[in-house]
Amino acid sequence: MSHAQIKLGLEIHVQLNTGKLFCQCDSVRGGDKSSSFSRRLWAVSGEMGLTDRAVSYEKDRARVFQYEITDNSCLVEMDEDPPHPINKDALLVALRVALALKSDILDHLTVMRKIVVDGSNTAGFQRTSLVALGGHVETSRGPVKILTICIEEDSARRVSEDGKKVLYSLDRLGIPLLEIATGPDIKDEAHAVEVAREISFLVASSGHFRSSAEAIRQDVNLSLGYGRVEIKGVSKLSLISDGARNEINRQLSLAKAMEALKNNIGTESIEIKFVDCSATFVGTESKLVSKELENGRKAFCSLLKGMNGLLRKGDLRIGKEIADLVKLFGIRGLLHSDELPGYGIGSRETDSIKKILAPAANDAFMIVLCNDAQVKTLEKEIKERLTKLLSLDFSETRSVSEDGTTYFLRPLPGGERMYPETDIPNVDLVNMIAEAMDLGPIDSLSTAAEKLQKEYDISAQDSSVLVREFKVNEFRELTAIGQDARLSARMLLQTIPELENHKGKIEFENIANIFRYARENGLKRESIEVMLGLIASGQSIEQVIKDPGILPLSEAELKKILSEIEDGLKPGQIIAKIRKLTKRPIDTEVLQRLLK
Amino acid sequence: MSHAQIKLGLEIHVQLNTGKLFCQCDSVRGGDKSSSFSRRLWAVSGEMGLTDRAVSYEKDRARVFQYEITDNSCLVEMDEDPPHPINKDALLVALRVALALKSDILDHLTVMRKIVVDGSNTAGFQRTSLVALGGHVETSRGPVKILTICIEEDSARRVSEDGKKVLYSLDRLGIPLLEIATGPDIKDEAHAVEVAREISFLVASSGHFRSSAEAIRQDVNLSLGYGRVEIKGVSKLSLISDGARNEINRQLSLAKAMEALKNNIGTESIEIKFVDCSATFVGTESKLVSKELENGRKAFCSLLKGMNGLLRKGDLRIGKEIADLVKLFGIRGLLHSDELPGYGIGSRETDSIKKILAPAANDAFMIVLCNDAQVKTLEKEIKERLTKLLSLDFSETRSVSEDGTTYFLRPLPGGERMYPETDIPNVDLVNMIAEAMDLGPIDSLSTAAEKLQKEYDISAQDSSVLVREFKVNEFRELTAIGQDARLSARMLLQTIPELENHKGKIEFENIANIFRYARENGLKRESIEVMLGLIASGQSIEQVIKDPGILPLSEAELKKILSEIEDGLKPGQIIAKIRKLTKRPIDTEVLQRLLK
Amino acid sequence: MKGNINFGDKIKLLHKGNEIEGTFISFENGIITVKLNNGYNVALSDENTEVISSQAAKKNKEIRNEEHEVTDGVMILATGGTIASRVDYTTGAVKPHLDISSLIGDSGTGVNLGTKVIDNILSENVTPDKWISMATHAKREMDRGNHVVILHGTDTMTYSASALAFMFEKQSRSLTFTGSQRSPDRPSSDAFENIASSIAFSALNVGEVTISMHNSTSDFSERLLRATRSRKMHTTRRDAIRDIYGKDLARIKDGKITAIEEFRNTDEVSIISTKLDERVALVYFYPSFEPSTLSAIAESKRALVIMGTGLGHVSEGITKEIKRLTKDGIKVVMTSQCLAGNVNLNVYSTGRELKNAGVISAGDILPEVALTKTMYLMGNYEDQFDELMQIPIRREINRRLQN
Amino acid sequence: MKGNINFGDKIKLLHKGNEIEGTFISFENGIITVKLNNGYNVALSDENTEVISSQAAKKNKEIRNEEHEVTDGVMILATGGTIASRVDYTTGAVKPHLDISSLIGDSGTGVNLGTKVIDNILSENVTPDKWISMATHAKREMDRGNHVVILHGTDTMTYSASALAFMFEKQSRSLTFTGSQRSPDRPSSDAFENIASSIAFSALNVGEVTISMHNSTSDFSERLLRATRSRKMHTTRRDAIRDIYGKDLARIKDGKITAIEEFRNTDEVSIISTKLDERVALVYFYPSFEPSTLSAIAESKRALVIMGTGLGHVSEGITKEIKRLTKDGIKVVMTSQCLAGNVNLNVYSTGRELKNAGVISAGDILPEVALTKTMYLMGNYEDQFDELMQIPIRREINRRLQN
């Protein structure tokens, strides 16, 4: 498709390892949980006395939030102690990144509360602060404008959700996040990936990047002329392009479906009116339906005027738009006429419902399984959402699944949900800029790779990949243990990824331990590789170092093996022969000496 | 036997219902336990800087004391709060009793700490105070001198004992006790019972007697010229005479045994030296011995010079004197030569022991089963006690078993174990005497019976028994509920004792509840009797009042029954006939009307 | 910054070359605060900033203090404090501000609710005459058949509540103080639940002044506390106010009330004695506390409540000074800085000397409660002061201590 | 009463016709106290009593204060307090009296033990110069290779222990305070176990000043507490002294030591700074607290530690007075009467005004510890006062609060 009319922007969030933003808890380690507590959140009006759309929407869901207290959380994360002064180290990183992006740093830092009532913040708001405005990042396809640089606290990690109860861990809450928002001038999905990589690298290059699977998350802002859609929390770079592409397709199809709907209903407004049709399903063969009814829920049906064939036919999928919404209220059962008969529901039931609703030829209908209390909310919410979509306003907050498809999360929040964090005085940034400059400029990706190559005398290729894959810190640490830099690079870039691919994840702590053990016990590359292999197979470090298989063959053992091998083979052939006899490491120096 | 040389005195302890003596806890109700705590006690020196014999003896036993906290105990009983000012109501009772006994009341009350380290007081001492000196009680055999009147706190109730751990309940600790000590001029055991009854009646008559099984306890002081023996905690009147008689016999026999021993050993001093003879018992048939050895104990034997035939032969029982002592150290196994062979121990073992100890013809030996740590203490303690007995000094503190025999408890304490309770200022008694007098004199037993008869118009017999059996309070309470006084007396003196004899204990609270229920529901004597019977059978009050069997036969039911009974019978015969048909109460008034 | 720009006006600025659009918040100390359209506030130095244009704001819905009279229901009296706190855009801090109706929300369904603002102060500024005003208002409501809930800052809530407990010699309706540790402008505020539970607890007809706040850090459960036995024991936690021994009169959990400790029931009528003698000082003893400091504090006072060490002790020098004061007719009440446990002047020689000097020890009364009790007794029962101070008149003294 | 009769003499009296024999204890205020042979003391009015005869007492074994020097062991320094209390036969109350060796009993078997009496006072009479003396003695013992156990009254133990914690800038040996809540003249005294455990805890080589007392009302278990985080929280219980958040450094149970919270280890050498500026007052704020009272207290003081309400607040009037004082160069440190939780002057407008006035808030430091820290800083580091007050120098401030 043509990307001419698409506006694409990113918000990049990078976690910092400086300690938490508003307390003295560790931001790297310490997720062991102890006890937990439960809370609810209330919809309150913001600074201007109005209640934000996203907030009042969430209020209707009335969920209970349970929080696990971890050893890297304290009363601040529990919302039982006001925030402490902002973490200066984290702020300095923000300033250095701003300088690198040529942003205009504000004179004063004003910490804001951004109301978030999905429970991911115990306070009911996220603390965030604007550090700088403007600037740009250089890319292979020209500079991309930077809109804002913010520093904010990460949210609580969602552990599980069960109906109206959501379980969060406090381990992630309060970890500093740099949020860098670009302008909508990214060219396409591939360009978005490049921009994301370049910006997150800048942060990593400050030396305060927090190594973890969720260390970098992107929000994608996308507009095709149907309003801005924000796709939240894209954790993998690959999902940026998948998500953007899928969302573009969805909006194009949705626009088509809505045009068709407008044709069908004319100026009529959308009305949803649920009627109890539980009686219809007495003795139904649908397991889905009978199970919900057994659990005390009821079946409600409503006419969907003019939507016959638009709910689920080809790329027309209004049904999914409704289903996404219904799911957010903890309701599992939604069925609509485009998929019926089906799911064990036969014509007996559909006929009976048609008798109740009397649909015209181009009318569809849907069935939801829920409580009396929920049905009123649903009528309102479905009507509102469909009406908005019908006006071709697709703006909203969405999330992306692992498969790259996006789904509805909540309405876009407005500026109303922000008000000042009154517990923290403004911070004068003017004096801090000098301090940030004293720490030196942050290198761009290519400069950093060049410097690394020179410092360690490794290949340009290795250096570049280490930098691009954010493995510089690990590389430095392993080399500092006393192993050869090339060996460290080889392990990090080849051996370990390969082992992880075939066997399983290897924690960096274990890699470091193995390097240390090898150093202390004079073990070489071959032994290290064996040890890494054992770790990847799920053994503990204690088991691994006890394994006699990690020791290289002794001179005597080698001699004995060699004596059993026919003469006249080349060294390569000899090694292959030995490999057939044992998996133990071979000290090639010793072997060479013996072969002389 | 002749009582001419016997000196017999009593210390009578009576619990009061005024609330506890040094705090605001209830002294009547509230024994429900909640949690518990553990303590040890230390031997400390008293006022004069010396440590009392009884204290240092107890120290050697090194026991752990666990205390159950009850709902009628507080930090004072836990020894975590200093005593509160002395309970004035209790003190007034003491003064009134002193007045009734014509004792000289002291000008000032000085509360003392009497060191008691057997754990029965959490503080390690009992608080006690001298109220009056002198006076006398009139008896059928002339006046008996009163030595002292004290007010003191009751000790903790021992729940159980398991080796070195003793479990106490705090429910009883701190209940006020009046202690009235007589001179040694009681004529004999029967006289002792009369004195005890008369004195405890005086206290009961104050209206502040605590009704409970252990409300009255006596210590018997007895001397036959071999030193004073104090028999502690005699709770039943019948045990006074049994205990005294048994102790007299014991002392006479013991004197005989000791004379014989002196003959046998001459001026030689008693020596106890235990030797490990565990090896002898390998494969023994004695279950007692093998079990103790399995539990890690050892067998030790010691010669008992000159005691052959004196340990257990006829009324000569030095063996029991040793056994009583050994038992106090938690040691169950003591065997001596007068009872061997026996207990599964044959001549093989005894011969082997004789080989070790080489006893002469009139020597005996003993075997104890205990730990290495205990054996040194035992050597010292057994030697000390036997040496003391040999000098015909039998003075000590003893206790009495349910069967009326007495046993060794500890050495007699001296005055050393008392020192002032520093947490309570002296109380001026001079002004309180007037207040006590205003409450009126306490009647003697006979005066009280006379007054009661007149007040309630009951028989002289009933009145006298109510008074003597300390049932006046209960009688007054039942009558106040609104039942006829004669009925109350009949129930208390006949029906209830009979039911309790045949079925089981009836709590007074239940009796009062039944009376109240009967009153409120117009039920008469017959129904009350049925209800009491049900309660005595173990039913709860809730069950009882739901039982249709407690309602008298209605007029219609009676008519129907009568119609089935042949004519011409006398009323008595008719009732007997009805009784055969139903256990339900018969309202005699209704029956008489129908028979007219 | 020039021009007549008011809070809420739309504004366009040029700041160091960046064009900034938003809503004007304030201009103070050379700093212009603007709320950007994305919601962020930015604080800009005036010298680097130029106003391009401004446009007067549309009038927002005004927050009104609606008052509702009521009879035979529950009257909520607001006095200020965090529970009625809002952002102060001038200083950037939280200040009292009132909008009671928004706090009640869906609580008290089925209850006849009234609201009234009787004051608007931070609780650290509460004074005895405020207590008299609260008592008078509460009495008037009780006479109309209303249970009373008083919204109050948590800092001095136990002082106020215990003062009212003494003033109410009889009370025909329940009187419960509540507040919040998180201000109600935040979604996590404890205000909403605390108010709802205070209203719900009224059903128990407790004839004592009580406090209702969170029972733990979790929501969904509040406790009812005896005013004269409670103390704020944490600066920030939701469950900061508690009975010093953990004895709650009642608890509410997921809407269900459970009565726990025994309490006094309401009387037929309400009677208040509102005289309070303010000339009382609460004095904390510590090593190096000088007699001259004590005499300076006692200047113009009629009674002192001392927070002594342990069982109620002070140094020899202070003991001497106290003797001088009691001789001059100043009442001296001894409490303990330990907070829990009895004061007892019989145990040590220091205590006996204090007792001989006429110092009054009153069991385990809390120091702050001893202060309000002293004000009350000096105001109403001066001639029975010594006797009444030593016995519980509003269950402020535990005659039995079980932990 | 006539005649030269002394304590301990055998005496025979005639009192209201009863002949009374016993031991003479005292004659005071017209009352003769005699210990009867059965152990009871009787207090007889002189007017009703006549001395029949008396006989001089045999000399009792004299209680001596034996002192034992020691090196590379554990030195027990006695300062007085309940742990060294005995019956005072003159007043009838308990007074300090010393007999250390009898307290140690069978504890510390295998340890090289020394004892020394350095003072003999009730702990309410402790003053800063006593702390200097304790520190100097303790330092001398550490220099001889001894761990130090200080016997101290429990009332002001946490003041003394925290003062020494600040004075010891480095310590080469452990220094543990202990005491008892029940005097050692009673079999149930906690003194014996507390001393034994204090000696046992020395094995941990804690390089901080600590306190060791009972862990619960039960015997057989004691805890080791950080001096700068402990407070006496009950007047009478054995486990009265505790870390305000319940964080024990170690526990001993049936003789077995378990380390719990992380602690500082001993240093190579001991260094003490013993200058203390006594011109510091600890002031408790309460409603009706008058500015004139504050100015009277501040007279001749160089610093004030205020126990404010909640997050560290005082009334408007007091805020104004504080502004005046800080302008005059008086240091004002804000703590909270809540005891637990952080002081934070950023949250409310009152707090911000105090902060602007130069008031120093130091997290969750305990008020009493703030007092000793202020004395220490003003004595040794006055020019760095503001900075050092706000950061933990002896772990007296928790930078992270988890409960």
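Order as written gives the chain letters A, B, C and D; numbering starts at 1 within each chain.
Everything below uses one rule, namely that contacts are C-beta pairs under 8 Å (C-beta built on N, C-alpha and C of every residue); 3 or more make two chains touch, one makes a residue touch a chain.
Keep in mind it's a predicted model, so treat the numbers as computed, not measured.
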Chain pair showing more contacts of the two, B-C and B-D: B-D
Averaged-CA centre spacing for the pair subunit D and subunit A, given as whole angstrom: 56
Separation of mean Cα positions, subunit D and subunit B [Å, integer]: 45
Between subunit A and subunit B, centroid-to-centroid distance (C-alpha), Å: 77
Residues within subunit B bordering two or more other chains: 75, 81-82, 422, 425
Residue list for subunit C, restricted to those that touch at least two other chains: 88, 93-94, 236-237, 311, 341-342, 344, 346-347, 352
Contact graph of the chains (line, ring, star, complete, other): other
Subunit A residues touching subunit C - in the complex, by the definition given at the top: 37-45, 47-50, 55, 64, 75, 78-82, 104, 106-108, 110, 112-115, 117, 122-125, 128-130, 133-134, 148, 150, 414-420, 422, 425-426
For the subunit C and subunit D complex, residues of the former touching the latter: 85, 88, 91, 93-95, 122-128, 153-156, 159-160, 232-237, 240, 278, 280-289, 293, 296-297, 299, 307-316, 336-344, 346-352, 364, 368, 371, 375
Residues of subunit B that touch subunit C when the two form their complex: 23-25, 69, 73-75, 81-82, 422-425
In the complex, subunit D residues that touch subunit A: 311, 341-342, 344, 346-347, 352, 399-403
Residues of subunit C that touch subunit A when the two form their complex: 8, 16-18, 20, 23, 31, 33, 35-45, 48, 60-61, 63, 87-89, 92-94, 102, 105, 181-182, 184-189, 192-193, 216-220, 236-238
